[in-house]
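Chain lettering (A, B, C, D and E) follows the sequence in which the chains are written, and residue indices restart at 1 in each chain.
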Amino acid sequence: MASIELRNIRKSFGAVNVIKGVDLEVRKGEFMVFVGPSGCGKSTLLRLISGLEDITSGEMLFDGKVVNALTPSKRGIAMVFQSYALYPHMTVYENMAFGLKLEKGNSKEAIRERVEKAADMLQIRQYLDRLPKQLSGGQRQRVAIGRAITRDPKVFLFDEPLSNLDAALRVATRIEIAKLHEGMHDVTMIYVTHDQVEAMTLADRICVLRDGLVEQVGTPMELYEKPDSIFVAGFIGSPKMNFLTGEKAEAFKCATLGVRGEHMLVKPDGIWEGEVIHTENLGADTYVYLEMGQEEPIVVRLEGAMQHPSGSKLRVSPMEDRVHRFDEAGKPIR
Amino acid sequence: MAPVGTAATPKIRSELMLQRVRAARWFLVPMMIALAIVAGWPLTRSIWFSFTDATLNDLYGAEWVGFGNYLRWQVLESGTVRYRGVLADPDWWNAVWNTVRFAFWSVLWETVLGMIVALVLNAEFRGRGIVRAAILIPWAIPTIVSARMWGWMLNDQFGIINDLGMKLGLLSAPVAWTASADTAMTAVLIVDIWKTTPFMALLILAGLQMIPKDIYEAADIDGVHPVKQFFRITLPLVRPALMVAIIFRVLDALRIFDLIYVLTPNSRSTKTMSVLAQENLFQFNNFAEGSTQSTLLFLLIAIFTILYIWIGKVNFEGGDR
Amino acid sequence: MGATFDYWKLTKTVLFYALVLVIVVVSVFPFYYAILTSLKSGTDLFRVTYWPTSISFDNFRQVFSQGAFPRNLLNSVFVASVTVILALFLAVTASFALSRVRFRGRGLLLMTILAVSMFPQIAVLAGLFEVIRFLGIYNTPWALIFAYTIFTLPFTVWVLTTFMRDLPVEIEEAAIVDGATPWVIITQVFMPLMWPALVTTGLLAFIAAWNEFLFALTFTVSNETRTVPVAIALLSGGSQYEIPWGIIMAASVVVTVPLVALVLVFQRKIVSGLTAGGVKG
Amino acid sequence: AELSIVSGDTGSGLAFLRSQLDRFEADTGHTVTVVPMPSSTTDQFGQYRLWLAAGNSDIDVYQTDVIWAPQLADQFLDLSEAAADVVGNHFPSIIESQTVDGKLVALPAFTDAPALYYRTDLLEKHGKSVPETWAELETTAMEIMEAERAEGNSEIWGFVFQGNAYEGLTCDALEWVMSNGGGQIVEPDGTISINNDQAAAAIDRAAGWVGTIAPEGVLAYMEEESRGVWQLGNAVFMRNWPYAYALGNGDDSAVKGKFDVAPLPAGDGEGARSAATLGGWNVAVSKYSPDPEAAIELAKFLASEEVQKERAIQQSNLPTIPSLYEDADVLEASPFMENWKAIFEQAVPRPSAPTKTDYNEVSSLFWSAVHDTLSGNGSAAENLEILEADLQDLKGDAW
Amino acid sequence: MASIELRNIRKSFGAVNVIKGVDLEVRKGEFMVFVGPSGCGKSTLLRLISGLEDITSGEMLFDGKVVNALTPSKRGIAMVFQSYALYPHMTVYENMAFGLKLEKGNSKEAIRERVEKAADMLQIRQYLDRLPKQLSGGQRQRVAIGRAITRDPKVFLFDEPLSNLDAALRVATRIEIAKLHEGMHDVTMIYVTHDQVEAMTLADRICVLRDGLVEQVGTPMELYEKPDSIFVAGFIGSPKMNFLTGEKAEAFKCATLGVRGEHMLVKPDGIWEGEVIHTENLGADTYVYLEMGQEEPIVVRLEGAMQHPSGSKLRVSPMEDRVHRFDEAGKPIR
């Protein structure tokens, strides 16, 4: 129901400038994911959008109206806090039902139904009567999510909502959130995550933040395939993109050459040779770290569980059409 | 008093637990010793005196009289039974009623006003420090002074309260606040509430300050109206602090002495149990009776406290690992 | 910044400050009146005025010339400070045991401590008098410090126990893992987190000790050991029935000012959010 | 020896005491410390009782109110032998009030008796004379009050006294009763005499004053409140102790030079006469004094004629030695003492000697009954009847 | 320096049994990772090992000595808490130095050096003077890690230490932890994580917990390749292993057939046909979800960014040698 526009938003805590002028438009019904290094200002930006934190300068618009001064409750948002912020004196049920009870016109049964539905979805049905302090970390996090989704807001703000969940649950919850979003076309979602998979799969668009500024906004594929800067290239994708400089880059007529681990082919006639210094075996894939005279070792992703003993040499080539070339300033050459 | 270290659960206790229990014992012992010396002997003695015929002129020659000071009876020749003793004394029951009434109203008002003041002080505004100091002034003025000061201010002829009331049109004629039986209690209540609201406010304020801030943010997001936030979040979370503040206030109110002693020492409508007991202990030659009254007051307070803790579900547990 | 001028917000601000004003006026007015009175003398005392008409510091001069008032002030400072320090020391440690260590009879113990506060003060006077004479501290400041624990200790123990219960368990556990003993936990981890409670109980207990009259009167018999409330009661007019209002008020003002200063200094510690950022949950 | 004396005396009184003690020290070689006490007599009394009960040996000599000595008789030394030589010099009634079961428990240091303060200017203005009976006082007060109010002096009242429920009311009411021929509550032989018609009539009359010639608030007045009203010029008559005399003539007093004192009015029944309750202070020696000889010496010194004379001159305290009222030095320094001689002759002691340790309770019962009557809770007759029964209970077989 | 042995350890909170009899041996110098669904008891087990929580029954041995009763500090452990548990009133520096200061014999300079080294490693050097509340979630987490590693314990206990870090930092910190472990051969590490990559790359052995019991312990590859139960098979590996029942399983002579997404090949002559219901594009891989009449859709991992429109049909085959066959009881048939 709400489109959100940020115009040159700044935020400082005392002398510390945290958000340094962000312009951003989140479209109505869009699923926007914020990513960026720890401490870059994601949570702060989310809190500014929620209205919990005062904006130092700039304008925040919801549906075209300035909301700088609007209280959080008037903005029609639901939020999952990075620190959970559960009500310590309420049971899980009460925590989740609290917002609903206060809205007028919700019958007791309707509330119970909604809470239980959310609890089922998050697999915390059996903990409804417990207090937060009697829960495990992941359970607390689920309560925090549950509290947000039982309500019916125009905007959802999620701050790393799945960070403490196990892989299976994380996938399940991720899918539930995606469904939630699909089911409610009007609802705008803003989602902070460090998980590449979450970002790539959930986002309509991803906003990469760096040090209080927007680095690039785009669909996941755009960011993956056409990063606007070395920073974005390095940040999106796991394992991190390999960057090569010096001779090897010059051969491709650029200052820095970026090649993702998955775009490296091990070939006997590979153009680069490296020494295996470390192998990581993930079951489905193996990451091989090659020493190639670069600042950091070069990662090559191989399918399946491979054994390349440390110290052995390997020749690799980048897929020519998947390399990323960057100039001195870190901007892509296309 | 209570065994500390000996309380062990059946299973083996880890050294951490033992270390803590040992520390706990070392931490509790000095306090218990201090309390036992300072309070143990005087308390036992007072209670003992209540079962004797002690007078202040002859404390050490007191003889045991059992429950006589509490209640004794005498069958007259006509066959009617005459009850004597504190429990049969209408003055005592009048004092009980005065005390309870006083305690109820004063604590009620102090709690409400204290909460309001605490909420105001909890807000961030310029000059908060000064206001906090100002608030505490009533509590800081010695009771003997403030009681007399108020006696003066409430005077019908040259008291400023009457003057103000008349000037503002609230009173049509000067009221002799402390003199008339109808207003004496009100006067005492006004002074007490004025004096002790800061106590309440400060304790509640401390409670408010300990509440984590982030759940208010969650509540803001949940769209909880500030009033609802107060009742559903603030109140439950300051409850422990509030409960303790109330307990101590009620205890003090039930034992109220100096204020009434100075303000309306001999008015029947304000005479409280402590005042009555003081009279018997030191002014009249009824030391035993005064001790009896003190002991009864102690019992009454104890019953009240137990009820309060039980009904208020004051939690002794929690917080431990 | 704000595009529209928010009238509601303004009204709220105005109302809020009005409330602050009311609270301050009600609290301070009698004190103000005391100051007013302390500047008066003679028959003027019986006249109602709202502003100082004539200012004379005679009463203040008198306060310091009669008896040993400065000495009494020092006594009060000493007695109240030591009482509070002692009570806080005993209470902080005891409340750690009572709030954080599970042992049987804890509830009972708390009740016993509370029971001490249930006896009317006048009733313990005689017994306390005997104990104090027995200990040989009669007519010394220690008699008062000792006697005051009877009301400061239960209060501080209960309040601090309540507050300590609410501190996050995780932080204590982190300290345990760091190798902190209970003593270190109390002094270096908990106390800084309990400033609001410590300062509040400290202030309240300090003022209670500062203002105590009955014990002070009974357990000291010389001007050199007496405290301020007794000294105030000793201030007298020219003759038996005459109450020296002006001087009493002047003395009250004199003894209240240090307390206000004390509050001003310490209230800074009554800040919120001390535990913020420590744990999540 | 090192002696210590407690005193609830006030500022200048203490200074005076000190100066006398200095003399005593110089004369005898003893040293004396003064332990000042708050001026509230109830506080003092409670304190002294506690100290004495606990056998406190830190205090040797006590300054006591007239009504205390009998109550604390057990713990004070008998001074009759030691003071046999001087006893005859004092007013017999005062010595009597300090004698319990033949034991002289305290020596009188000075005495006190109230008077009727009246406004000479107002009486003159309205052509009235000083009232000699309560009835006269009533009408005079009423007339002047109404006339003055009509002239716009809306604050004026006819008569102020001490109506609060406390020892002062016992004094006031004893005067009403006694002056009306109603006895002295408990007679010297211990009989309870209060329940009689004359006493009831006297108290009923006083009840009639409240709200008419006296403000409602008088029910909460003690000495200072009455003096406050008086000194602002807002009362025609006042019953008060001598201390108000000097203060009323202070520079800032509205009634300076406009008032005088007279004996309190008399009643109108049989045996009616002016009566003034006996106040005053005495010195007693603690039984627990480590050095009783020296302590007695000090007590005698403080009660001696020369100290009393100095006291009368410097402190305007009334001596307990009749001859001093004729002493020229005294009269020069405190000419008003002339007035008080007449008043003092009418003085009645409160029944502290016969009721002994129960005096305070007797007094409390009495003032409560009177206060009830004044506040309109029952008539005097009803309240006195109950009072009699209560006193009888308290007395038991004997006081 | 310490080998840790758990013998039939149980723990209950009141009536709730949380740990239901765990036997486990962690070898000296081993890097043991605990994984398991949220709420299964990982944190509790860690706390039992640390000595913070009393053991309800069973025996805990460090180096062969029963330590049931030993205090945490005497066990020589350092711990990173899931909820950070920072000292709110201390600056970052003080937080990290606190434990060191309490140990006797550490000079001021030595402490500063160690703290600064850890801070540099965790990239929090510039925050040393801040209070925890002035930090972002990830920064707090790093402080918590820093606090543990400045000390010099025999056993490290990490409870999801990287969950709030961004991918790059996570990899970096993970590598630091691995280095730490390599550098100190004596130090035993127990590490709780939900991250498959962390588990697979860091662990010497992984312990899979389920509902208070140990389900399987083994090297990452053992678990990946030879899971002892359906549960472990489903839990290890991302995306989750596909389970097929009914006819399709019977064809492989088992009750349940498990095939990982990466072991499915899209072939025109695939033995199974499914309808594409959803595609997730992660850049390097694409997950295609196929509806095949099973309880849950079957995931197939394809390399690179592929487009398979929803609704289109796809034929797939499992790699015959990589299928996992389970009997009725969920046990593997080998």
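Here, a residue touches a chain if its C-beta (ideal position, glycine included) is under 8 Å from a C-beta of that chain, and two chains touch if they have at least 3 such contacts.
Per UniProt, the chains are A, E = ATP-binding cassette domain-containing protein; B, C = ABC transporter permease subunit.
Everything quoted here is computed from the prediction, not taken from an experiment.
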Mutual neighbours - chains that touch subunit C and subunit E alike: A, B
Chains touching both subunit A and subunit D, listed by label: B, C
Busiest interface, counted in C-beta pairs: B-C
Farthest chain (mean CA position) relative to subunit E: D
Mean-CA-position distance for subunit C and subunit B (Å): 16
Chain centre separation in whole Å, for subunit E relative to subunit A (CA means): 20
Distance from subunit D to subunit B - Cα centre to Cα centre, in angstrom: 37
Chain centre separation in whole Å, for subunit C relative to subunit A (CA means): 53
Contacts with 2+ other chains: residues of subunit D: 50, 53-54, 228-229, 232
Residue list for subunit E, restricted to those that touch at least two other chains: 52, 71-72, 83, 134-135, 137
In subunit B, residues with contacts to at least two other chains: 16, 19, 59, 157-158, 212, 214, 278, 281-282, 287, 321
Pairs of chains satisfying the touch condition: A-B, A-C, A-E, B-C, B-D, B-E, C-D, C-E
Of subunit C, residues touching subunit B in the complex: 16-17, 19-20, 23-24, 26-28, 30-31, 33-34, 37, 46-48, 50, 90-91, 93-94, 96-128, 130-131, 146-147, 149-150, 153-155, 157-159, 162-167, 169, 172-173, 176, 181-183, 194, 196-197, 199-201, 203-204, 207, 210-211, 213-214, 228-229, 232-233, 243, 245, 248-249, 251-252, 255-256, 259-260, 263-264, 267-268, 270-276
Residues of subunit D that touch subunit C when the two form their complex: 4, 6, 9-14, 33, 35-40, 43, 47, 50, 53-54, 56, 58-59, 112, 222-224, 227-229, 231-232, 240-241, 243-244, 246-247, 250-254
Interface residues, subunit A side, partner subunit B - complex: 50-52, 71-73, 77-79, 81, 83, 85-89, 98-99, 102-103, 147, 151
Residue ranges of subunit B touching subunit E (in the complex, touch as defined): 11-19, 321
Contact footprint of subunit C on subunit A as seen in their complex: 55, 57, 66, 68-69, 82-84, 86, 88, 132-133, 137, 140
